[in-house]
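One chain, chain A, appears in both complexes that follow, with chain B as partner in the first and chain C in the second.
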Partner chain A sequence: MLLGRVQPFLKQLLSPVILVLIWEASVRLGFVDSEFLPSPGQILQAMREMGAAELLPELAATLFRIAIGFFIAAVVGVLLGSWMAISSRANGFFYPILASTYAIPKSSFIPLFILWFGLGFWPIVLVVFIACALPVVVYTFHGISEVPKLRVWSALSFGVSRRDLFWSVLLPAAMPEILVGMRIALGFAFTVAIAGEMIVSTTGLGKLIFSYGEGGVYPSMFAVICVLLIVAYVADLLFMAFIDYYLRWLDRGHSSGGGA
Partner chain B sequence: MRLSERLRRAFAASYSLILVCLLWEAVAAAGLIREVFLPRLSVVLEQLYAMIADGSLAEPIAVSVARGAVGLALSVVVGSILGFLSARSRTVHLIVSPLLSIGQPLPKVALIPIFILWLGVYSSSKIALVFITCVFPIAISVQAAASAVPKVLLWSSRSLGASEFDVIRTVLLPASLSGLMSGLRVALPLALLATFTAEMIGGGGGVGAALMYSQRLFETPTVYAYLLVMLAMGIVLDQLFLRLRHRLLSWDEQK
Partner chain C sequence: MTSDAKIVLANVGKTFKAAGGGEVVAISDASARIGQGEFVTIVGPSGCGKSTLLYMIGGFVDRTSGTITMDARPIEGPGVERGIVFQEYALFPWLTVQQNILYPLKRRKLSKSQQMDEAARLIDVIGLGGFEHRFPRELSGGMRQRVAIARTLAADPDVLLLDEPFGALDAQTREIMQDELLRVWRATSKTVCLITHDVTEAIYLSQRVLIMSARPGRIIDEVQVNLDRELPREECETSAAFAEQRNAVWLKVRHEALAAGMR
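Then we have the complex of A and B:
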């Protein structure tokens, strides 16, 4: 029983582990110059030397910016996307504006935001916001638009108010789509936050990576990159776990009449 | 009558954009926002025109497009092969699939300093970033499409006497092509993003580097002009892609 459950997980681990072993071996055997690619062992060593005292404050700075930008984008994105799905007038107004900003790579706003706000906290939060808002708006719009008309009519015929219709019928039904949009947004958040920190910031993991790179301290640079990649991966895993958990609740909620 | 209807629709589809442009011009002209932050739209457009006229725009665009195109081409070749093999062979799937699902959500921009270390600040490091950014979505959708081919199609083509090569050529490859197209839909904007971001961070020419340079000199109209250029490049790329997909996948009613 247990083996059966563990086996697929072990299969997933097989090739990454082999890859790391090949990497370690080829650096030790001298096939690869460790100046250009430090071995996993050397990278771990560099991580240990930096320790939590150096890494945690930078990690916290990066995650804080991402969290603020992502949160504002999630709220604004869901509200705007819903409004556009419900009101064709709002859609007529916002759609052309959003469609024309959709094509622009969001990291390009970084220099503009530096012009506006100088170096520091706000340019990065703002670029995270811009990058996250669009996928949330688009997926919310689709989610709400695709709620079956029959469900809306039956809710209305039961005398549900407009406000309740939105909060307890439309929004829960659109939640699977909205969460997919938010997962995409989370990926963008990490990308633009790191890019922003490399360009303008004085703190954060992106800045740390870049300054180790410019100083030529390559094992430390690789170590911070590894920390960042692990954090981004775990954030994605946690968000997916949250989606699974949340949607399971939603399914149960449907049969018992749906919650807020 | 038809013309007026068409005009009315065009206006309905774009009046908010026109409004935003007018508001921009008015706010800047009234001096509500300092010129360093928001120059008038007309000044930005003049600057854009000047950059087109004196030819200073052509080189960065050509450099960025070439980098993006080479990186994307590499990721199409490698991604399609990886995705296809991983859909057809269990061993390849066992090796490739975990790496794809781990690599897909990672923020690849973090790798820029590594690519600069390995390949220098010029084109190779940018191409490497575009490649590593685009290869994951392409490989994943090709793999999904090639493994979603209905068994019935394979069985019937074999029982109708198709050789293994025929099956690949007439059934599996067309199915993978539609996967490649949906992968490209995701990868194309990412290619543009990766190119510009790598250029903004690492310098070494291209539109991204030119944009950063004008920001450092506080040439605000140039900054806005480059943003418009990037916007235009994104739209042109998207339109070209839609045409390409329409031509290649005219047989596929789902697209």
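Then we have the complex of A and C:
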């Protein structure tokens, strides 16, 4: 049982382990100058030197900004996406705004947010919010729009109000799509939070990466990047586990989205 | 006009906008009366608009012309007094069997314990005791359809609208469900309107069979079914009277199906 659960996880580790071995070997054999690319061993050493005392407060600062921005984006994104799916007037009004920001790197808003909110917490939260809201809106819109009409009709024949219909049928039926949007948003959240911290923040992993990079302390810089990598990967795994549990009713073998 | 007509369709028409512009007349000038407590089936060739007609009685689809009334009041939308069972895909897959059946019960004026009792009774009726906490994906097609029927019955509608509810079931399950439907109908005096393309099913279940023409759909004929309902199923279905009435309806439907094929 346990082996069966661990095995796919071990398989996932295969390619990173090979990559790290090749990396270590290239530095040790002198193919790469360790001034430009420190070896995994040096990075691990730097990580030990920094320790939890230096890393954890910065990690907590970053995760807190991501959590707040992501949470607000999830709530606003689901409500806005639903509204656009239900009302063609709302869709007509908001669609141009959303479509026009689609291709813009969200971190380009940061200078403006600094102007509005100064340095620190809010510019980062706001840019995380903007980056996360878009995929949540888009996937919620599709999820709600594609609820099979027979399910809606069934509910209507039980005398539900519009509000009841939304909370008891439209939203749960759209959850598989909404959660895909949120998973994408979570990835965006890490990307823009780090980018934001590199520009404006005095705390957070992004700030740490930036200052070690500027100071030329590359093993430490890579150590922080590794921490970030692991945390982002674990966050995604946890979110996937949550999705699997939440959607345990979903008939994944069925292309029409959930069976009878 | 007799006073006990439950549902009256008068010159009902439905026109769809076609994909490439223009219009498709799906139903034209359909008229029928369904009596209080009557069990009526509507049969017709595929594509004749029988489901659309049922959806209009349900109030889910707007009619283009004519009137549909229930208890002499025009139908202008869905209502709890008209329950519907679709062919498939209408259960809420994120709810368990029990939660699906509780869904309409929670929206009736019942106490918590009455809701639970009624759900337990309905689960017993459809023979799914032990499956209360399963999700629809964990059930066979026949079991899902039994849940869908139980869920509709849980709303306690006056009128049951059934859109080929047994079409996707295997032969044995279909017979069991047909007899269960007959039992519920006899026990509750609900009005039933069933759509089917299975003529044997229509004769076995209903008091009256309405026959629809090929598109544009219209009620072109009806057959009053006279069978000895006291007989066990196998004797009933093998009787001469059954065969005679079945053939009469079958010939009329076949005539329409051939007419549809020639267009």
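One rule holds for everything that comes next: the second predicted complex is superposed on the first by the 236 of 260 C-alpha atoms of A that agree within 3 Å, B and C clash if a C-alpha of one lies under 4 Å from a C-alpha of the other, contacts with A are read in each partner's own complex, and residues count from 1 in each chain.
Keep in mind that, in the parts below, a contact is a pair of C-beta atoms (placed from the backbone, for glycine too) under 8 Å apart; a residue touches a chain by one contact, two chains touch by 3 or more.
Everything numeric in this text was worked out from a predicted model, so none of it was measured.
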First (chain B), second (chain C), both or neither: which does A:57 touch? neither
A:150 in the overlay: touching chain B, chain C, both, or neither? Say first, second, both or neither. second
Looking at A:94 after the superposition, I want to know if it touches chain B, chain C, both of them or none. Which is it: first, second, both, neither? first
Using the superposition on chain A described above, determine whether A:248 touches chain B (first), chain C (second), both, or neither. second
Mind telling me which of the two, chain B or chain C, contacts the most residues of chain A? B
On chain A, positions contacted by chain B and by chain C: none
For the chain A and chain C complex, residues of the former touching the latter: 148, 150-151, 153-160, 164, 168-169, 172-173, 175, 248-251, 254, 256, 258-260
Using the touch rule from the top, collect the residues of chain C that touch chain A in their complex. 55, 58, 60, 77-80, 82-84, 86, 88-95, 103-104, 107, 135-137, 139, 141, 144-145, 148, 151-152, 155, 157
Contact residues on chain B for chain A in the complex? 12-17, 20, 36-37, 94-96, 98-99, 101-102, 105-114, 116-118, 189, 192-193, 196-197, 200-201, 208, 211-212, 214-215, 218, 220, 223-224, 226-227, 230-231, 234-235, 237-238
Would you pull the chain A residues touching chain B in the complex into a rising list? 11-16, 18-19, 36, 92-94, 96-97, 100-112, 114-116, 187, 190-191, 194-195, 198-199, 206, 209-210, 212-213, 218, 221-222, 225, 228-229, 232-233, 236
